[in-house]
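After this come two complexes, each holding subunit A, first together with subunit B and then together with subunit C.
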Partner chain A sequence: MAVEEYKDKLPLKIQEELNEIIPKNTAKSKLNMINEQVYKEYMKMKVEPGEGVGLVAAESIGEPGTQMTLNTFHFAGVAEMNVTVGLPRIIEILDGSKAISTPMMEIYLKSPYSKGKNIKELATNIKETTLKEAAKEISVNISNSTIEITLNMEKLKILNLNVAKLAKQLNESTKGFHVKAADDSISFKPRSKNTELNEIFKLKEKLKDVYISGIKRIKQVLPVKRGDEFVIITAGTNLHEILSLDFVDTTRTTCNDIYEIVEVLGIEAARQTIINEVSKVIDAQGLNVDIRHIMLVSDLMCHNGNIKGITRYGVISEKSSILAKASFETPIKHIINASLVGEEDKLNSVIENVMLNQPVPIGTGLPSLVSRKVPE
Partner chain B sequence: MTEVYLNSKFIGTVEDSTAFVESMLSERRKSKFSNSLNIFSDKENDMLFIEASKGRLRRPVLVVKEGKSLLTEKHKAQITKKEISWGDLIDQGIIEYLDAAEEENAYIAFREGDITPETTHLEISPMIIFGLCTSLVPFSNHTPPTRVNMGSKNQKQALGFYAANFLLRMDMDVSILETPQAPIVESIMHKISNYDKHPSGQNLVVAIMSYKGYNMEDAIIINRGSVERGIGRSTYFRPAVAEELRYSGGLIDEICVPDKDVKGYRSEKDYRLLEEDGIIYPEAKIKEDDVIIGKTSPPRFLSSLDEYSLASNLRRESSSTIKHGEKGVVDFVLITENEEGNKLIQVRLRDQRIPEIGDKFTSRHGQKGVVGLIVDHADMPFSASGITPDLIFSPHGIPSRMTISHLIELIGAKVGALSGRFIDGTTFDSEPEKALRDELLRMGFRENGTETLYNGETGEMFETRIYIGNMYYLKLRHMVANKIHSRGRGPIQLLTRQPTEGRALEGGLRLGEMEKDTFVAHGASMLLKERFDSDRTVVPICETCGLLAVYDEFKKRSFCPMCGENTEVSNIEIAYAFKLLLDEIKSFGIYPQLKLKNKY
Partner chain C sequence: MARTKKQRKYDVSAHQLVPKHSKLNQKDTKALFERYNITLKDLPKILANDPALIGLDVKEGDVIAIGRDSPTGGKITYYRGVING
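Up next is the complex of A and B:
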């Protein structure tokens, strides 16, 4: 049990832990002593002024990174789905790349569905379906220059579509054709008489990829069992539309595209996503990196409300020192740009001082004497 | 119709290619025509290739007829009695050479027992698939090929008795092992190559155990007693050369004790070992900076030879000295002439190398290691019969590398040492392991090669029995004495004023960028500054313009080339590399102004 006196001094997590561990009927004096000791230990664990936390974080993530390089690009256990893991993924996250190589979502479901109700159906309905998936055959009738599409009726049934509905949809997404619906087929006939056959073939290729149902950009779905509930994992992301579905548990559903998270859920969620994604990769490799290092990097990437990668266009460009920027990448560019506006380097940080061989303002180099003038 | 090509040129066709090839072969085996002719029948494309051209790679195999090798016991007896030779076997068609193409038509059995009715040829020995060095690895059929390969490569680096006339040679950078031995476990290749005439290792008593952790990570421990008795001693030779070169204008180098007025004269002490002719005497003990051959050269540029100075003090010093960090004894001095008729002096230096911590040793199975500790004989573990190992090898080197041949050699050599004979360890044809173990048992040892050992320091018995036996160990040419280097101060580079790099230039080891990071991470700010002080400079800065000022040593005052003398000039301490950076920035037209501020 935490004592009143320490309620504000100790973090919640530690208080909870104390509540759990210490027996209920402990004497007040003993409790006080325990709390005091815990507080002392807690204060000892705090980072001291002048500690080079950024550099320690960089090295703590960078060093295990050297061990990862060799075992990358293997499949992350989930059947049939290829996932970028290892160093390439870490680079992707920390660089803040806009187009990640394997966008994925984990969709958690609300109560009746999470137990597995209609799980297959839900999954197929989420998936972006194109015409070629719903068609048995797409062929060109050369004699009367039409495109005949024989439909897979079973598939249509699962997708909650009928031929007429589909024909209407297709009519909207194509121009210059008569769309005619039959029992289990749809035919396209050009309006103008002298349409070239070439164009018809082109249209046929286009038709194959016409969107007919599901949620856009969700390329692949895979329902899996996590513990005792079902989760749908998808390749391709569309957080906005998925979260608006009524059977989705919006509190736990996530995706691994940080920019999409920022757009839909905001910067705090993105910060957490960066932490989660980086730790996921590191854990999968069997490496051990303290989460606080990752948190620091994540904070740095998100602190002004936008995501900035650890690149010369992102975080590095915000450095105040020209020499520090120049020592990262493209030094001449940075020096020339600085000279154009007459920038001044105050030599306040580490790298500049190493370059000039001055004491670095970190650790023992940080404190200096301040004296007060005695009034005469 | 089969097309026939002779040396890749079309010459005609034959009706029945099979019969044609057969008759060709039988005629060749009867030596009706040259045995360097090969014939290849390409059934798929219906073509026949007869090759008699130069430069084909060919190899000998035994001919098999009707499921039987043509080489019979009778031949073998004749060979042993030296009645017939290799050439006779070829003439009789018992051995023939196949080239790469004809091999395609052959069906070669690996061993005599593998012969089937389809077999056309038999390997002379299964071991023939290996080259010379690889054949020298005993029992190598019990070890992964990667390790056999390493073992064979290691042997090429072994020190030994490389040439009997080594005393007359002026080889660069060579060593001679002082007491080499022929291996107890040998293969047939040792006999073929007369290995006992030029051996390169020694038979040591090896125990596979740990010893206070000093043989972790492939290190080995050796017995000081054994070292003192001569194990692994080698002599290292290195020549020093000087030549009296001739230059244009009739100028010439002169080998002599340099005059004191020569440009670049060293101290008198450095020349003390030279005799009147300017050459060192044999058996002189030399160490760092000593001159071996004194020499003076004419001035580098003739233009500098002006009328004011005397010609003699313009000559410069160009003696040969011993390299930094080396020592030795002058072994041999040779005064001769080279092709151009210039006087040529060659001096060979000798240095005895006694094994020390850091020297590299290996067995023949790719199990190389560096000496981690030299233990007094008294402290080495000993067996009931009083045997102490010469070398202790770590058991952790075995499981992941799977060098079983290493283990078998140990037993084999133990048997050989006890029974006083050589053990045949030829790959695929060795004495069976079982027989070796039985023999060991008969001689009163445990058949698995283990013995009870006692702690050399306390005398206590080790609870575990230790695998101990003999092995052939090689000393490799990588010795610490040739590699060790460190520096506290020393020469710097001209441009950057940073310390030189590399052992030859008296350099140390670089404290790089990532090493720097560890200093920062520890907050050891002042230590970091001190480490990077190697190119520290104090430069005067003009406070008006913020650029480098000049200090005039004669007038004892500073001025700024831009602002003149009426300006405040302050000295600051920076890295010389940073001064260079400022210069470079200036060179592309940017004005890097330094604004000075008092630190306190």
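Up next is the complex of A and C:
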């Protein structure tokens, strides 16, 4: 047990461990001694002032990174669902890419849906559906210059749509055409008589990709069983819309697009997502990187309220030293820009001092001698 | 970056990725600055329109205390200064 005196000094995790290990009926004096010893050890293990933690983090993530495979892999047993893993994914996260190559969501469901109730229907309803998926045939009638769409009624029933509703939707997304609904088909007739045939063909191609139901940007859905509950995994993300659905568990549903997380859940959630995503990749490769290094990197990326990637436009552009910026990428551009406006380099950081062959201000190079002038 | 202005039907703070955000009062803010010998500009930042701050009524210059669940230290408190962005 932790003694009162050390409750503020020791981190909660260590206190909990102490509570577990030490027997309940230990004498107070012994407890004091144990706490004192633990505190001493804890202070010894702390990072010392001036330690180059960033450098250590870079090496600790970089070295295992050389052993990562460069492939994407398939979801076991399911066709056409590729996931970016390994080094490309790490690069994507740490660069702060806006358009990631495989956006994905994990949608947790509320009970009773999490037990598998209507799971297939829910999944199909989430998926973004275009007209070509709900149509049996889309054809152009050249003699009447009309477009005729024969619909797949079973599909429409699953999607909770009927022909009239669909025709109204299509009417809104096309201009200059009369939309007419029949029993299981919809026809398009141009308003003006002299519409050219190639415009009708253009419309036909356009109609194929018209959005009719579901949630935009959700390209694929896949219900899977995880533990004893059902989860829907999707390709494509739209966190805001998904969280607005009433059957979704809004406390656990996540996506892997960091920018979307910032927008919907805020910067702290994004920081946690960076940590989770990076550790996921590293664990999947069977490598071992201490989480502190990853935490340091993601804290840095999120430190000014927006996500900044480790690129010359992101984190590096915030450095105060021109030489440090120039040493990262495009040195000539940085030096020319700096000389044009007459920038100054205060030589406060590491890399510019290495260039100039001076002691670097980390570790033992950090402290400098201050002397007090004794009045005579 | 423009944060979504859409109406939210869900509770952002209930999400497991979002730690507890709370506004520090004047006295605690001063104590924090004195304890670490810093000013507001030395703190990491959070935008005033951050979704996690909905309902906290913050303005530029406030300090937000964030109660993170750290895998290494148990519960720790992190501070961010509010900026307009």
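Basically, the second predicted complex is superposed on the first by the 354 of 376 C-alpha atoms of A that agree within 3 Å, B and C clash if a C-alpha of one lies under 4 Å from a C-alpha of the other, contacts with A are read in each partner's own complex, and residues count from 1 in each chain.
We adopt the following convention: contacts are C-beta pairs under 8 Å (C-beta built on N, C-alpha and C of every residue); 3 or more make two chains touch, one makes a residue touch a chain.
Quick caveat, the model's predicted, so the values are computed rather than measured.
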> First (subunit B), second (subunit C), both or neither: which does A:Thr129 touch?
Replying inline: neither
>> Once chain A of both complexes is superposed, is A:Thr251 in touch with subunit B (first), subunit C (second), both, or neither?
In response: second
>> Output check: A:Glu51 vs subunit B and subunit C. Expected answer is one of first, second, both, neither. What do you get?
In response: first
> In the superposed model, does subunit B or subunit C contact more residues of subunit A?
Replying inline: C
>> A:Thr237 in the overlay: touching subunit B, subunit C, both, or neither? Say first, second, both or neither.
In response: neither
>> For A:Glu16, using the defined touch cut-off, is the partner it touches subunit B, subunit C, both, or neither? Pick first, second, both or neither.
In response: second
>> Residues of subunit A that sit at the subunit B interface in one complex and at the subunit C interface in the other, please.
In response: none
> What does subunit A use to touch subunit B in their complex?
Replying inline: 50-52, 55-56, 58-59, 332, 335-336, 339, 344, 350, 354-366, 369
>> With touch defined as at the start, can you tell me which subunit A residues reach subunit C in the complex?
In response: 11-16, 240, 243-244, 250-252, 254, 259, 261-269, 272-273, 291-292, 295, 299, 302-306
> In the complex of these two chains, what residues of subunit B are touching subunit A?
Replying inline: 516-518, 520-526, 528-529, 532-533, 535-536, 573-575, 577-578, 581, 585, 588, 590-591, 595, 600
>> Looking at the complex, which residues from subunit C come into contact with subunit A?
In response: 1, 3-4, 6, 8-12, 14-19, 21, 44-47, 50-53, 66, 68, 70-76, 80, 83, 85
